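The two complexes that follow have chain A in common; it is paired with chain B in the first and with chain C in the second.
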Partner chain A sequence: MKKIRQIIERMVKVMLTLSGSITSLAILLIIIFLFKEGFGLFNNPSVEKGYALCINASNPVEYLSPEQIKQIFDYEITTWDEVSGNREDIIPFRFDEIFSMYPEEEFGIDYELLPEKLGEVIVQNPNIIAYIPEQYLLRENASVKTLPQENIRVDNFFGGKEWLPTATPSPQFGVLPLIMGTLWVSFFAILIALPLGMGVAIYMSELAGTRIHKLLKPAIELLAGIPSVVYGFFGLVVLVPLVQKALSLPVGETAFAGSLILAIMALPTIITIAEDAMRGTPRAMREASLALGATRWQTIYKVIVPYASSGITAAVVLGIGRAIGETMAVLMVTGNAAVMPNSLFQSVRTIPATIAAELGEAPAGGAHYQSLFLLGCILFAITMLISVSAEFISKRQHNKGI
Partner chain B sequence: MNKRLKQKIAFAVFRILGLMVVGILFWILGFILYNGIGVVNWEFLITAPKEGMTAGGILPAIVGTLCLIAGSVIFAFPIGVMSAIYMNEYAGNGWIVRFIRIMTNNLGSIPSIVFGLFGMALFVNTLKFGDSILAGSCTLGLLVLPLIIRTTEEALKAIPDSFRTGSLALGASKLQTIRRVILPIAFPNIITGLILSIGRVSGETAPILFTVAAYFLPKLPNSIFDQVMALPYHLYVIATSGTDIEASRPIAYGTALVLIAIVLLMNLLATILRRYFGRKVKIN
Partner chain C sequence: MKKTILTTVVLIVALFNVQAQRIKGSDTMLPLSQKTAEEFMKINPSSTVTVTGGGSGVGIAALLEGTTELAQLSRKIKFDEKNKLKEKGKTVKEVIAAYDALAIVVHPSNKVSNLTREQLEGIFTGKIKNWKEVGGANMPIVPYSRETSSGTYEFFKESVLKKKNYMSGIMSMPATGAIIQSISQTKGAIGYVGLAYLNKDVKAIHVSYDGGKTYVEPTVANAKNESYPIVRPLYYYYDAAMEIKVKPFIDYVLSAKGQKIVSEIGFITVK
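For the complex of A and B:
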């Protein structure tokens, strides 16, 4: 009987230990899956998989960068000499154009003559650049040159200024506008939330009586509990028209509207943590300051706020973390234009909003899908950094107490 | 300037700021309540959306959200509580506990959209659950795990060591002590954590976008491998991308009101429980 009980005790202990490791395991799995999918992006060719770019063999051009390819097919580069070729106009050619050049019968029953026709077109036009599926490529044709393909490069991803993941033939994965959009919106959100949050935190920890405190505390908890999609909805139907009218903008869906809604959402985090930090000020320090003839206000800003500074910094850092990771509210109010932001009153797009908006349409395993996971990695890394540094900062606070 | 006057001005400003925060809360809640109250009635709660989501009710979304709540709680609650018991009762105070605590905090700080990505990669694509209640529940379960662990740990920590030593001195084993002494006392506070996580689960949108949520699916789920609609996603859809946004505005207000009511009810319940039982334990 006693033996059985001992065995049970031991089994329970093993189970508890296993459950204890669940969070570490979860983080490990998140890292593995996010980074595995995300870094697969750099194994993708910069042109869509399964497609090739061909030019006439008489064309001296040997290499085109992904950006040049995109500009050629967008008609931004129009002559070959801009990409170190002859002084001739470029003729961009997309695969489906072939069907308007020849009658259907000429391709044969199973399109077996299609490669030949494609070859014919390329041979006839010395200045053509053709974007065609590899399966229809005529390998033996000596007068057709296939341009070498390179993989998507790391510096193109992190340094690129264009986010056009569905552009053909050469999708652009430049993450800078998204990072800038995220930082832009979060920074101004904190700029709004910090003075407001600090004021309320001081009020709650130093001025409010217990009765008012008992009313304010649940109010702030409620504010923290409102789902982000409801904030987004509120922002969409109230703040966006308000911003548009008050500043007479063409559209209200701007970075500013996003900052406003994020400021409200970051408030509870900032208030709660800053208040806790200020409450932690030893009674002796307050009383010493008051005994020296300082007013309560002087005591607050010369003794309590400096004493609680690490806690307040932690509050700000965590507030920023909350703002950077927020998805739905931002998605609904910022307008989501993936361009480099240069004004607070234009539409921007953040990293989380990009993932939420595009993952549904990106085919699993493709370059677009992987690029969104890489965005997830960036987000994950930023929030990890923030949470670790907040922990480090508030630890300094505890040491000071001793 | 006189230092008394300075103080008066500063304090007045703080008072106004405090009022402002309460004002913002009432503004948001009042706005949703004012616009939604006329829409929400029994009919609205028990019928499916009709005519491209511009008419009818939100029954499938409510049922979907209830399924997700149940699923994620079944997954996360036992594991979370056991994890907290391990940390507080077994692991001592060494580096292991510190490491686990840091990991738990980190997991809690990961943005919800990253959980969505992860849930899609692991549960939907790798484990082949597909877009299903199962995949969504697991993702949401992971999301609320830190919350459950933290509240349970706090509940356990609040119990004085004399309860443990007293029980052990009477000859009870460690497991018996936990089952008969520790858990019954901590129970109300653990339940508080559970209720808070229900509130959290019912409001999260980003993690379910790619793991379970259906754009429009007016039938109720049959198994855990079915897709469902969910309240927060439904609100997002009819607020931004419905067939006729203007016509579905009233429905959006109603949905927002129902969603907020669920979340706030859970928070209120948790607060009441905490106050009521918080007192009781102390008297013991």
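For the complex of A and C:
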């Protein structure tokens, strides 16, 4: 009998260890996958893979930055001397245009004559810059010069201010506006939610009667159960026009509307955890404080709040986590304009909204796809940083208290 | 015994495969394919047609991998895609099922009702920033765009912006419904939606592609007689080897009944 029990106990132990290690392994694998996919981005050329930029050999230009390439094809740079070339107008040429220049039959059945035709066009136009697939490049043509390819650079990714991932020929992956947008919206959401949430938590744990508490608690928990897309819809139809009219703004889809929605969504988390922490204050401490002649308010802010500070920090961190990772509601109310935020009353684009909106159509394995994974890595790093620092703070406070 | 079961299973699967066809691709075409598939199955109860969206690019990828029989695209097949299919030994055939017109919409209170293509290009690339530059009130222009994953986004970029990039930091909305909602709430707003989505909450702009000589209102009639310029064909693509399998459905879409569904949904018929 005893032996059987021992065996069962050992088996349970092994199973528990196993499930624990499987969970940690799964998390580790997810992180490795995320980072592997993400950092693959920097092995991609800055011009779309499989394509090359060609110019006439008589053109002295040797190098163009991704930014310059984009501006040339947007007709913002119109002469070669702006990129250290001759004083001539630039003629941007996209591959598709060849099909409107020659009839289809002239390319041959398997397009075997296409390279020659492309070569012809480049030779005839000394000021051309042609964006063509590498497979149709005529290698031995001496009067065609291919611009050197460089990979997407780390500093362009983290320092770039333009997010145009589907621009051809040179997509722009500047994540700075996205990171700033995410932090901006979350920061103001917490700024709104923290005082409100703390107020409600104090009221519920210290001041409210049993009956009101019984009524309020499920109501707040219900608030956490509403799907985020419903919040987003509510935000778009009710909050956005309200913000626009009340503040007479040109646009209602602003960071402010996003912060408001996120604040509402983070409230239940903050309230529940903070309240639980305050309720956890030992009865002896409260009574001692009251016995020493402290009023109810003095007890709250001198005894209970400091005692519950680690729980409150946890509440704030979880609230921030909720705000930073929130996708759907923000996607619907912030307008998703990828600009550097400099005011609260302006449209912003957040990282989760970008991933959600763009992953569907980004071709698997391409630069755009990998850049979205890298955005996921950045999001992961931000939440990690927040939780680590929160742990650090709460630990320090605990030591001081004792 | 086992053998008989196996053969019946194989037979059933084979039979099922002959009758079943899958359609995948553009979300714009989703209502059209769904509705025609429903009606088609009513007439031919033995066949099943499943329709899924995901975007035009997804449709072509599925055709490439053989996980769909028909790909629905709201743009023409790209040269690369055609090449990839050719490498796999597939020659695609193209059928135009309907046409879709894009309407440029503004807030109903906006005085501006005519715009040229050049002005639209200026607005969406960020060069024109105030309505007074195009004959309206002194009020900042707020352009709304779709997300980059949308075929409509690509088509607008190609047709109106002549492949230039949208201004960086344009407002982008996840769905056409959201664009209509935002524009009806925002005084200085401008955006683009499919003709079928036009309603009285927004005002449609008359567009000129000839430098301001004639401005054409976006209506089904104008799109049909080709005077309205921002019109795109909606395609079905399939592997030529699969022709027998998909032909009945395609024929149904192009038939009088199928084209009636096309105009009910708000697209423009082929004929």
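Definition applied: the second predicted complex is superposed on the first by the 339 of 402 C-alpha atoms of A that agree within 3 Å, B and C clash if a C-alpha of one lies under 4 Å from a C-alpha of the other, contacts with A are read in each partner's own complex, and residues count from 1 in each chain.
Please note the rule applied: a contact is a pair of C-beta atoms (placed from the backbone, for glycine too) under 8 Å apart; a residue touches a chain by one contact, two chains touch by 3 or more.
Since this is a predicted model, take the numbers as computed values, not measurements.
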(message) A:C54 in the overlay: touching chain B, chain C, both, or neither? Say first, second, both or neither.
(response) neither
(message) With both complexes superposed on chain A, which partner does A:F95 reach: first (chain B), second (chain C), both or neither?
(response) second
(message) Contacts for A:F373 in the overlay, against chain B (first) and chain C (second): which applies, first, second, both or neither?
(response) first
(message) Which partner chains sit in contact with A:W163 here, chain B, chain C, both or neither? Use first/second/both/neither.
(response) second
(message) By the touch definition at the top of the document, which applies to A:G252: first (chain B), second (chain C), both, or neither?
(response) second
(message) Just to be sure I read the superposition right, which of the two partners does A:I270 touch: chain B = first, chain C = second, or both, or neither?
(response) neither
(message) For A:L236, using the defined touch cut-off, is the partner it touches chain B, chain C, both, or neither? Pick first, second, both or neither.
(response) both
(message) For A:M332, using the defined touch cut-off, is the partner it touches chain B, chain C, both, or neither? Pick first, second, both or neither.
(response) both
(request) Have a look at where A:S21 lands relative to chain B and chain C in the superposition and call it first, second, both or neither. (result) first
(request) Could you give the residue numbers on chain A that contact chain B in one complex and chain C in the other? (result) 236-237, 332, 360
(message) List the residues on chain C that touch chain A in their complex, please.
(response) 54-55, 57-58, 61, 79-80, 125, 139-140, 142, 147-150, 154, 163-166, 168-174, 178, 181-182, 185-189
(request) Give every residue of chain B touching chain A within the complex, in rising order. (result) 3-4, 6-7, 10-11, 13-15, 17-18, 20-22, 24-25, 28-29, 31-32, 78-80, 82-83, 85-87, 89-91, 99-100, 102-107, 109-114, 116-118, 120-122, 125-126, 142, 145-146, 149, 173-175, 199-200, 202-206, 209-210, 232-233, 235-236, 239-240, 249, 252, 256, 259-260, 263-264, 266-267, 271
(message) Which residues of chain A touch chain C once you look at their complex with the stated criterion?
(response) 50, 70, 73-75, 94-96, 133, 161-168, 172, 177, 236-237, 240-241, 244, 250-253, 331-332, 335-339, 347, 349, 357-358, 360-363
(message) Going by the contact rule set out above, which residues of chain A touch chain B in the complex?
(response) 5, 8-9, 12-13, 15-17, 19-24, 26-27, 29-30, 33-34, 37, 196, 199-200, 202-204, 207-208, 212, 215-216, 218-223, 225-234, 236-238, 264, 267, 271, 295-298, 300, 318, 321, 324-328, 332, 352, 355-356, 359-360, 364, 372-373, 376, 379-380, 383-384, 386-388, 391
